[in-house]
């Protein structure tokens, strides 16, 4: 057997191996994708249900906002800054008692969503605040002149005008959450990132690791693409 | 009827410490605007025109003195009652202030929605009044300046307010569009009998359409004049023709 | 085969380089290295501790010649690394062993554990295999033939009690112990001590204590005989280290030399 | 001398697919602007005024036809030579386009810096010319509209360009500031003998200061007229006084 | 001894303990702060030296930019997206051969700066692109009308006008880097985050962990405060 043939076989062999190892892990990989989906879904739900009102409240209560309340603002702003600065791993561990109190368990994919949700809420709240600040002052003034209540100001004026920015920042938060969720294996959350680390990195199955990373890159780009597309579609500000 | 009694308005200056201090935007203004009149407010930049207007619907509170609209002092109302009162005063802004993500129709429908009213008819009627019925479903970015301002006027009128406040409603517009908008305001006054307060630095505009006008100078009211209407303009078929005749 | 490693070794022999770099992971391993460092210092060696917070990097560093030895793993784990990376790492001396086992808050005996119960095992490959092997040994599950200590959950062939797996970080296992519906929790004595338990309290202990899983001092095979590594080995197996293990960790660790 | 020969300019419309297509901003324009004249360009919004101006310093390339400045066709120059040529043509924008983070002085010095020239004297001289020497070290945010535009004019003139292009230089200004700026432009023309092209939709402004004017209508040149200057305005001591007299 | 006294002693005892354990760790804590400083310093240097030009280039070469070049843009944009989506731990590991080739070693604080630098460059490049997009179109037009070269456009027009945004986004990148650096213990990088994890998570010295987290929160808030203050100071756009 010549050296060339051996090399050729080597390459084929490696490809076969790659295929084999990937198909061997197909089930688990699909499961880990589902887990990431659950974690993202839950934390984004929290971002929308809690982060959006929280960011809106920050916008309203800040110093030059429509309804300045220094105390409220300091509190919310503090929350956002603290969640942003504590090392995420420690944050996850510190939350274990809380998660257990809330869900009855502190391990597994659902439980892993709790710390992710805290972070998603904080990040999205900050983005919402910033996005609303970009709405022209005149829009607030218009709402005032039409006798709108605070609730109406928010739902009828600010959100419709800021909607494309709100979608775009939710996209950014989603992508950050993909990256945060990588750590959630620590409390049994699973997910794609954890899969890549455990099945690829720790057991030296590099094909699995690279395949998984590729999937993540594709997923992130798809999320970004979808977000950008949606936000353009609903933006009528300039054509 | 709108009455300003000894009204003063000062702002804390926006500057940093060194240049900080009070800006006296309005000083001791006494003024009565009658029902159903078109009342002009003229003055240089910074003379206090916008401040005066914004006091009327209480977007700003007076520093001292009282502002009465139909005998009611907005400063003394609860926030809720004040909102209700504001809904009876329409406002047209210099920069139109249309919501970019809503169609012309939805922009006009907005004040009704705030009162939980859904009156398609009424909205279309107003759009028709300002001659914009056929553009009802376009977004503002596709409209010209004059068209935008007409939509803004329809929005201000849709709740049938007794008073219409206009802050430089034509200064973002060219001559052509200015005429368009002023024609509509004239019509509002004739047909809807709305009291109109018109702030402008363009003397031509005020002269052409107001009954009386207040002249402001650095926060003080220097005069309230009865306006003498100018001779009607010649009618031209196009801007280009008019330009040519005017320049030569 | 690493050039860098070779030159480091030679420098040691010529007496110019008296620094020994040892990679380690976390306590108590790092503490052991520090005790040994003091011992080696008496003979003029400087032991430099390289802390890495990960279970793969200490082997990478060693194989790549960036450190001279490491102290963080047991032999099977090292062999798995050798096999996958064509590395030639060699276990020099077992230093201590830990009695791993399964703990339960709610049950005193495995027999009481109901079918369908949750079992918490670590989520890193090496400990996962070890945990499953214990369950296999006690007949709670059976693993595919030949997986030995390297089984993954996917290798569980029979699971008569329908055990449900909960995989968490090694360091969160003691937290899992406090969980309401987790029946069995794998753990190291060091970590279970956090909830006030010792191996005495375990409901299942590893039976085949053949020192396979003793934590080993490891170096590159070609350096095993070098003066530097010999000196390190002496220090690591010194009385001082033994005393340290006995005094500070007698409840959880057994010296293996 | 500026010559436009059979110049056409079309844009791809910004709309999405459905509404896409060509917009013909200028169609077959032939025009000669003489040295040292003040030349007006008037027309409705969208008639192509800005496009015409931007062709002269080649901020836009013509779709067909030729634009010659002093006999040179900018389209045929290398990017480097074109940049050099552009530096000989000053431009004043409607929105001033001052750099907000630079002082008035630094804004005026900017064109010199681009040519690696550091001439404090020259900068102060220009600021003096527009009567802004005492505000040299203030940032634009502290200046009024008229003051900003004066700084912008100083900046356009500091390199001593032969041609000054002005795109609606007064439409962001009120009457008072408009006069201020137009006075300066008149002075530029008299004292520096600069060729000035003035785009405006305000007929008064063009009538008051231009020698000739082109009238555009939907991209076509409908006329080039010699402008007859209006009788000089009465001088008033203040805007308020003038307003009062004018309205009554 | 009464129960109360015992309790009192207990509290005092704990305080003493806290003080003692903190002072015992003082040296290591200071060192870990220094390590974080080194990692931040290096990666921010890279962000400024490489991320700034890269983001500028993205701004210039994008579809409607001053000098559209689809290929260049796709390349740079791809880099940014990939670095953003690969799980950071795996990214660090994948870079080891590169780091060794570059620095001769792949562990320790300096080496740990390499992967951080890659991320910092990518994040800052994206921010720079976005910030420059906020500069009004008219500024570019002004530069054109004055015959400015591309280099002059960037240095004389874009950067001066965007400077407060550039500072603010560097601040945000810095804070992200604090959080990324937490992971660098994996390759022996050390740092405050790793310190907190080692002593808090791995050895249950909760006092040390909380003290460290507190330090991190303070540091992050200080960075944010400094960034906001500076960016306001150099912003003359509105007063």
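First chain written, first letter: the chains are A, B, C, D and E, and each begins at residue 1.
Heads up, the rule we're going with is that a residue touches a chain if its C-beta (ideal position, glycine included) is under 8 Å from a C-beta of that chain, and two chains touch if they have at least 3 such contacts.
Since this is a predicted model, take the numbers as computed values, not measurements.
The fewest steps needed to get from chain A to chain C, moving only between touching chains, is 1. Seen from the C-alpha centroid of chain B, the farthest chain centroid is that of C. Note: the chain lying farthest from chain A is D, by mean C-alpha position.
For this pair, chain A with chain D, the centres built from the Cα atoms lie 50 Å apart.
The geometric centre of chain A is 46 Å away from that of chain B, both derived from CA atoms.
We define each chain's centre as the mean of its Cα atoms; on that basis chain C and chain D are separated by 79 Å. The set of chain B residues touching two or more other chains is empty. Shared contact sites, meaning residues of chain A that touch two or more other chains, fall at 93, 201, 239. The set of chain C residues that touch two or more partner chains comprises 56, 171. Interface residues of chain B, counted against chain D in their complex, comprise 40, 42-47, 144-145, 171, 174-177, 201-203, 206-207, 210, 213, 215-217, 222-223, 225-228, 238-240, 242-244, 246-248. The touching residues of chain E, when paired with chain A in their complex, are 81-82, 84-90, 93, 175, 178-179, 182, 193, 196-197, 200-201, 209, 213, 216-217, 219-221, 224.
Of all residues in chain A, only 138-139, 141-142, 144-149, 152, 156-157, 160-161, 163-164, 234-239 touch chain B in the complex they form. Across the interface of their complex, chain E is touched by residues 23, 26-27, 50-54, 56-57, 60-61, 64, 66, 171, 194 of chain C. For chain E in complex with chain C, the residues that touch the partner chain are 89, 93, 96, 100, 105-108, 185-188, 190, 194, 197-198, 201-204.
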